[in-house]
Amino acid sequence: MENIRFITMGELLLRLSPPNYEKIRTTDEFKVTYGGAEANVAAALSNLGVDASYFTVVPESSIGKAAIRYLRSNDVHCSPCIYAPEGRMGIYFLEEGFGVRSSKVTYDRKDSAFAKYDFSTVDFKEKLKGFTWLHLSGITPALSQSCRKLVSLALKAAKELKITVSFDCNFRSALWGWQEARDCITEYLPYVDVLFGIEPINLRDENGKDMKDGLSMNPTYKEQDRIFRELHKRYNFKAIGRHVRYVHSGSENSLKAFMWYNGETYESRTFRFNILDRVGGGDAFASGMIYAIMRNMPPDEIVNFAVASSVIKHTMHGDFNITDDEESIIKLMNQEYEIRR
Amino acid sequence: MENIRFITMGELLLRLSPPNYEKIRTTDEFKVTYGGAEANVAAALSNLGVDASYFTVVPESSIGKAAIRYLRSNDVHCSPCIYAPEGRMGIYFLEEGFGVRSSKVTYDRKDSAFAKYDFSTVDFKEKLKGFTWLHLSGITPALSQSCRKLVSLALKAAKELKITVSFDCNFRSALWGWQEARDCITEYLPYVDVLFGIEPINLRDENGKDMKDGLSMNPTYKEQDRIFRELHKRYNFKAIGRHVRYVHSGSENSLKAFMWYNGETYESRTFRFNILDRVGGGDAFASGMIYAIMRNMPPDEIVNFAVASSVIKHTMHGDFNITDDEESIIKLMNQEYEIRR
Amino acid sequence: MENIRFITMGELLLRLSPPNYEKIRTTDEFKVTYGGAEANVAAALSNLGVDASYFTVVPESSIGKAAIRYLRSNDVHCSPCIYAPEGRMGIYFLEEGFGVRSSKVTYDRKDSAFAKYDFSTVDFKEKLKGFTWLHLSGITPALSQSCRKLVSLALKAAKELKITVSFDCNFRSALWGWQEARDCITEYLPYVDVLFGIEPINLRDENGKDMKDGLSMNPTYKEQDRIFRELHKRYNFKAIGRHVRYVHSGSENSLKAFMWYNGETYESRTFRFNILDRVGGGDAFASGMIYAIMRNMPPDEIVNFAVASSVIKHTMHGDFNITDDEESIIKLMNQEYEIRR
Amino acid sequence: MENIRFITMGELLLRLSPPNYEKIRTTDEFKVTYGGAEANVAAALSNLGVDASYFTVVPESSIGKAAIRYLRSNDVHCSPCIYAPEGRMGIYFLEEGFGVRSSKVTYDRKDSAFAKYDFSTVDFKEKLKGFTWLHLSGITPALSQSCRKLVSLALKAAKELKITVSFDCNFRSALWGWQEARDCITEYLPYVDVLFGIEPINLRDENGKDMKDGLSMNPTYKEQDRIFRELHKRYNFKAIGRHVRYVHSGSENSLKAFMWYNGETYESRTFRFNILDRVGGGDAFASGMIYAIMRNMPPDEIVNFAVASSVIKHTMHGDFNITDDEESIIKLMNQEYEIRR
Amino acid sequence: MENIRFITMGELLLRLSPPNYEKIRTTDEFKVTYGGAEANVAAALSNLGVDASYFTVVPESSIGKAAIRYLRSNDVHCSPCIYAPEGRMGIYFLEEGFGVRSSKVTYDRKDSAFAKYDFSTVDFKEKLKGFTWLHLSGITPALSQSCRKLVSLALKAAKELKITVSFDCNFRSALWGWQEARDCITEYLPYVDVLFGIEPINLRDENGKDMKDGLSMNPTYKEQDRIFRELHKRYNFKAIGRHVRYVHSGSENSLKAFMWYNGETYESRTFRFNILDRVGGGDAFASGMIYAIMRNMPPDEIVNFAVASSVIKHTMHGDFNITDDEESIIKLMNQEYEIRR
Amino acid sequence: MENIRFITMGELLLRLSPPNYEKIRTTDEFKVTYGGAEANVAAALSNLGVDASYFTVVPESSIGKAAIRYLRSNDVHCSPCIYAPEGRMGIYFLEEGFGVRSSKVTYDRKDSAFAKYDFSTVDFKEKLKGFTWLHLSGITPALSQSCRKLVSLALKAAKELKITVSFDCNFRSALWGWQEARDCITEYLPYVDVLFGIEPINLRDENGKDMKDGLSMNPTYKEQDRIFRELHKRYNFKAIGRHVRYVHSGSENSLKAFMWYNGETYESRTFRFNILDRVGGGDAFASGMIYAIMRNMPPDEIVNFAVASSVIKHTMHGDFNITDDEESIIKLMNQEYEIRR
């Protein structure tokens, strides 16, 4: 791990959620945290001891500074960040569900300082110098044309600098359309080494039909293996991770994952668990898998560590998996739950 | 729904409960809400968009005004309400249980401004003018002789004005005896169109034995149907609703319901769910069924909507079901629990 | 007061402020209230028993509905309000100061549903029918061109309907420039009966110089009287109110006021007081003066009641003066502070 | 202090107050404490190390038990207390004022278990055996005829047992009338050794006019001395204490006191101070004076210690002065305010 | 129960835990309670009405006094306690787990006033005079040599005074080694009447092998019976209790127990339950069994009452089982969970 | 400021204080922050934009990590810090006073990981490489012999590296004696460039009498100047700062300061202000003066900026002055308190 220097880039959001399962319409208080798909990955890695940096743009205001403080407290290096004189902080309101009542996210992220920043003025080769791993997500290109510029410039610079690139597809239907997303993200794939999620991506067979279109949300090993192989054939990914969620209720889910790794497909155990905070579960899967790859764990352990990382995230408030020891995650894999004293 | 104007009448209580499952003996804080069987129905309907009004009596004090504020925030019209110079606000202390520890209600509602008010001075025909639906409950006659006057005057006025009348039997053993309640409520039945609960009611066979006395708490469809038919024969109800609760623990229950509707008995699905706040579950069943009838849903949907309304109430703090969209309740009927974003 | 029906129009903002004098950069919690210059006036009046209505536009979301709930709980009639499918809720972040540390407001109100609404589609004569008093403020025209349309359409409709019009100048430098504001607001003056504040208004002498430009922030009676007379000469105002604030520290201020009323200038007593929440102090002055005029108090009492209304507001959390009895305000005028039991 | 055993008797109330200077009408939370004039004295003494017991009646419920727990945590012996199967816990709602906004107490104490208890069934000689000091107050006889029985039985038993008796006049206009109170309390005076307050008491001159009637709320030493002498002539009190309050605002008061002690009148220094919680200030004066007498302080110190006790109470939440060291109170007398570390 | 006077001796700890399942690393608040194996037993018994006393040593500081207040509020007599001028209050930090995330205890209890106190200066025969039951635990001898002195002196004094002695083995690996503990505790057994737990104890067969070493964590009735008989043969215990825990997750456990009583082995029902607060579960088992023995319940009920006591503890915050009525515990044994009103 | 790199070394404490002016004996909650004389200076500087680093030793536990997180969130570089396997986190309990009731600090800092660490194993020349300013305080040598080693090694290394050294005398009577402190700290003075406080230091005249011994706590300019000159003569300080506090009450103080700078004595204005949190006021004075020196302000401004820094700290919770803009502090110097919006 000594020589690893990780960086990620994306939008940071102010998250406002009523305490104690209250509803937004009746609350007189919001709990304040900050998050974003990429920030979540950076924080999870730094808490586990990885040297992690973050690039974003926040407004030059107390809100923007508060957001950066939050990341800094997690030991994420924020010196690459830009304080913009224009634009606002993107916000999302989260009404946390309970049992049969689902959680609800309301976005108020339009015209954020990040989305409006002119990234063509940034020298990404300079920004990425010295780093060994770059992580991006499919949320960024959905935000604005300038943000798409960010992604393509960063990918190209990473390629030149021979930096490992991971990419989490992370489709958000509130931000853009399915086909627009597919077309856009597919163009990024040649630059990607480690892929999370298999949608929205074009994977057309000779008849122009997407090979994934019939795929079940809960595929068999065989079905998933076939898709992984096809993806690998075209883009030569080092690894692909895809988790599968079963929603028993808003408070209880199960998770498992499939992983393509060095030419083979692996399947994790299935974990059933109670949920304290659902947001960031997918990012914790990604960060867990990245961490396990960085640590050179055997493939079996990588995929199970990734799922356990996601599962333990669901027991913490906020978007971040702030577990600071491998041991806790590994204990979870062994289902040891007794109080430690 | 355009022409519907709903009104209900009953006592409003100040509810004091320790936060976070603490016990009353050790708490240094009470969460404050307000509720009452009838107010709960009014608030649920107004949150779903029904024009709903409420008649009660509160003391002319900050506590009384706070209670009315609470209803007003739910868009319940409170102009019929009376601020009385005498009497106190009824209170109930609620110790919320957790898992195997049951919730506990302690009443301190004696001599309330409502119970002591002289309702013979009220012109109920005037009060009810322009409304299309009146809802009352079996708690009111249990409070005082004057409150019984309220019920009988209101029922008679409603009859004259051809207002639809619903009545929730709602027996409270802390307030009166079983047989006294049976005799009293039975007299109201000729005025009732939609009945909730089938006890405490006299339903004597030719031998003077109550036909319901052997009835299981968890009857078969056939058993329930027989009782419904018998009730209908005597009182010609448009609808009867009765929910059945299975108490797995203080934190987990199941609910289903039987409903008589236009000459036939219907049975809902059974829902199993976790409980955040148990109080008001029965009132949410009543309001859900009233709403679905107002909306002219098919009978199958009415009974399931009513149960789902009750179930979703259990996931909210306070006595009220404050769901403000049909869609959430209908999603629950379809068991869709995934986060919405 | 029987025949008075008050309405006001303006933007409603979500207010987020850290509890307990914390700073935004370090807080993990925001207290949630809602406010806006016009809403503050409506709520103060309805709490004192005036029939008060409010017209605004909020987004069709839980946030928008929460804002309306908040007003409804104060018995403000919100049926004129519009839920817009587009646009966001304007927000302001308030960092409450303590002692020598000043309060700080950060606006995030751009592109609100209100600012973006096309008010040319609204029939203001219809909206205003039946009302006897309309209140507007100088914040609205600063928000957007459409909002200026709102103001001019509403003023014209009010004129036709012979509704009394009050207008609070309320300059906000964060929203527009001083001269633009002066020119814009001056055009509204012919429609105004009761004016709050004397800036930003053009009051040019024959040389084109504004007669107010040399005026002290703390004028003598004579200086103020001269300006009032000049204003009255041109616009024939029924009343003008202007409060003067002395800032001893962020936690301690003094207030007094000058008032023009039926051809004479009055000066109030000076009140020195501690501050719990500074926001809405000016609106409480306006609502106090409107209320006292509606109640036909003698001029001496009107001006003192207005200042006392403002002073008591400073002792309450939130933007609103929620005092619900004249008596409290009148006691304050008499400086009776002993506990009442 | 070794041989001192103190007991007091009176009603205990549940106190409910919104946190953080909120108003009752808008709060969703009440802070919970317990208090009562006599309980406040018991708790203050036990916190200073005096062996203190308390006799009251509470309902046999979680609320009643919570009240007793609260006293027990202050090391007040509660074994004399009675849990009654009937009656409720008296409640008072306290809206704490801020600055120019006064605090407001709303009582809901009617029909309490204490007021309704039949004290003629209690053997007060048995109850008082072994105690050396009994404290009563003028609130008890105002509650019910049975409570007057309590006072007269307890006074007589104390006389027989040669127990020192202190009595705090403590007039509450919400509970009874001024003349009824005067007549009632005057009858108790022959049994009293230490008196707090000089009203409501009949102190008629030969013309039947009350000699105190012209007395200023802020008398001169000479005026006060004349009244003390007159009282002493008739009832031979060992000590009389009377504090004088100046209300600068709801948040800032001054206090001083006059004391008759062994044939002479003493006057304390005047303390000006900020207020965190105003309730119980008078009881803290009484307990401070009782404590100083028990400790045989010189008269000068007794009267200043009593005022300082009251002053320090105003800086603590709840009805009790929970200071547990003489030193803090003595430091306050010396106006040493620097942080201690 | 009339003649029973219970006393226990041990260390009291300040417990600091983040609210609402937060993690220590990110919390800005600790909930404060106090606990300790022996204090937990004393508080559980006094809440059920047993006359219970406690002996400990705390520092003479606000923290030490706060700890004693906490016990006093539970009606535990604390007059035997010593305020030491030296030493600190032991602390434990508790991070409460959620679901698959385990709770974590961090001790900071070194050099506590209790561990450092010289107990050879205490006259234990004096301390124990008048008591009928003494309870000790295996935590005390693990703290310091002086604490071992406490245990052996107390046991000997109890023997002389013919006081019933119960002892809970309570091994804490953070405090001492397994074999050291076994040797130490085994020496206490001849003084013990009622034993909780069967480890760490030496129970060597003729070959010097411990007969318990092969025993399953979840033994059959037969296996457990054999061990009990062996223990009884050597030490003639009146009763032995041992509960068995199944950890389904950090939030859900099952409990059952085996009990040796008057020459026979009993096995309880198994209870499955959700957990609000896990700490003190074992002490609640011990106190439940002691209470049931004191009440002379039949053996079947004793063992089930003990387990139900432990189970209900898991639904309360803090270390103590503060249930104040047998009825609740007995209802739990009957699995009656419905709200009581 | 570009080339400035600041470092400080000292103990970090966990601070536990009841919220809302509650007392430790009755609180059920502690607010958690972290502080220490040196950390406070580092955080204040980094918040103002200075590159600031910190060296301390914390235990390798969640508490230790939480402490470091807290500093990191303030952008203090913590990479020099050591996580020790042994020792605990020092704690201080703070009971915040109100008005006439003083704040009270209770230390529980013995045997901390910092105090017990063997600093002779640290290479301070290595640690200090690249830094331009080192700050130490008189608390460190009071903690342990090893901590004295830290100070002397660091001072010597700084000298060799030509780093500017500031030293805050900061006497704590709870930690060591006055004369021991004087002797110890006097030995450090030859290494110091900027001195805060003038006690405890030996400044003997030819008769061996300390020249400061007669000095008033509130000296005249002339008196202070004489002492500064004497100190300068012996140690050639670049600057000496000494603030003077007037304690009007626990909630209201005044502050001013004297400063020696480049051969002359300056005196600041006097500021009177209300106190939210008193702790860290002295450290904010030191950091303010260091910052102003780094910024090369004129001497008049340096001394006033230092006092204003201290004053503004008193309006924030926690030990740190977290002001992040010079402007706020400069506004305070100009007494501009109006809300900014």
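By written order: A, B, C, D, E and F. Residues from 1 in each chain.
Simple rule for what comes next: a contact is a pair of C-beta atoms (placed from the backbone, for glycine too) under 8 Å apart; a residue touches a chain by one contact, two chains touch by 3 or more.
If you're wondering where the values come from, they're calculated on a predicted model, not measured in any experiment.
Where the sister copies chain C and chain F meet, the same residue numbers recur on both sides for under half of the interface positions. Chain D and chain F carry the same sequence, and matching their CA atoms takes a turn of 120 degrees, rounded to a multiple of 5.
The contact pattern of A-E recurs in A-B, the pair among A-F, A-B or D-E where over half of the contact pairs coincide by residue number.
Centre-to-centre separation between chain A and chain C, using Cα means, comes to 46 Å.
Between the CA-based centres of chain C and chain E the separation comes to 63 Å, rounded to the whole angstrom. Shared interface positions of chain D, i.e. residues touching 2 or more other chains, are given as 20, 23, 25-26, 28, 65, 69, 73, 104, 324.
Taken as a graph of touching chains, this assembly fits none of the simple shapes: it is neither a line, a ring, a star nor a complete graph.
Within the complex formed with chain A, the chain F residues making contact are 65, 69-70, 72-75, 324. Contact residues on chain B toward chain A in their complex (touch as defined above): 19-20, 73, 271, 273-276, 311-312, 314-318, 322, 324, 328, 331-332, 335-341.
For chain E in complex with chain A, the touching residues are 20-23, 25-26, 92, 97-105, 107, 172, 174, 247-251, 278-279. Residues of chain B that touch chain D in their complex: 16, 23-33, 61-63, 65-66, 69, 88-89, 91, 93, 95, 104, 106, 108, 110-111.
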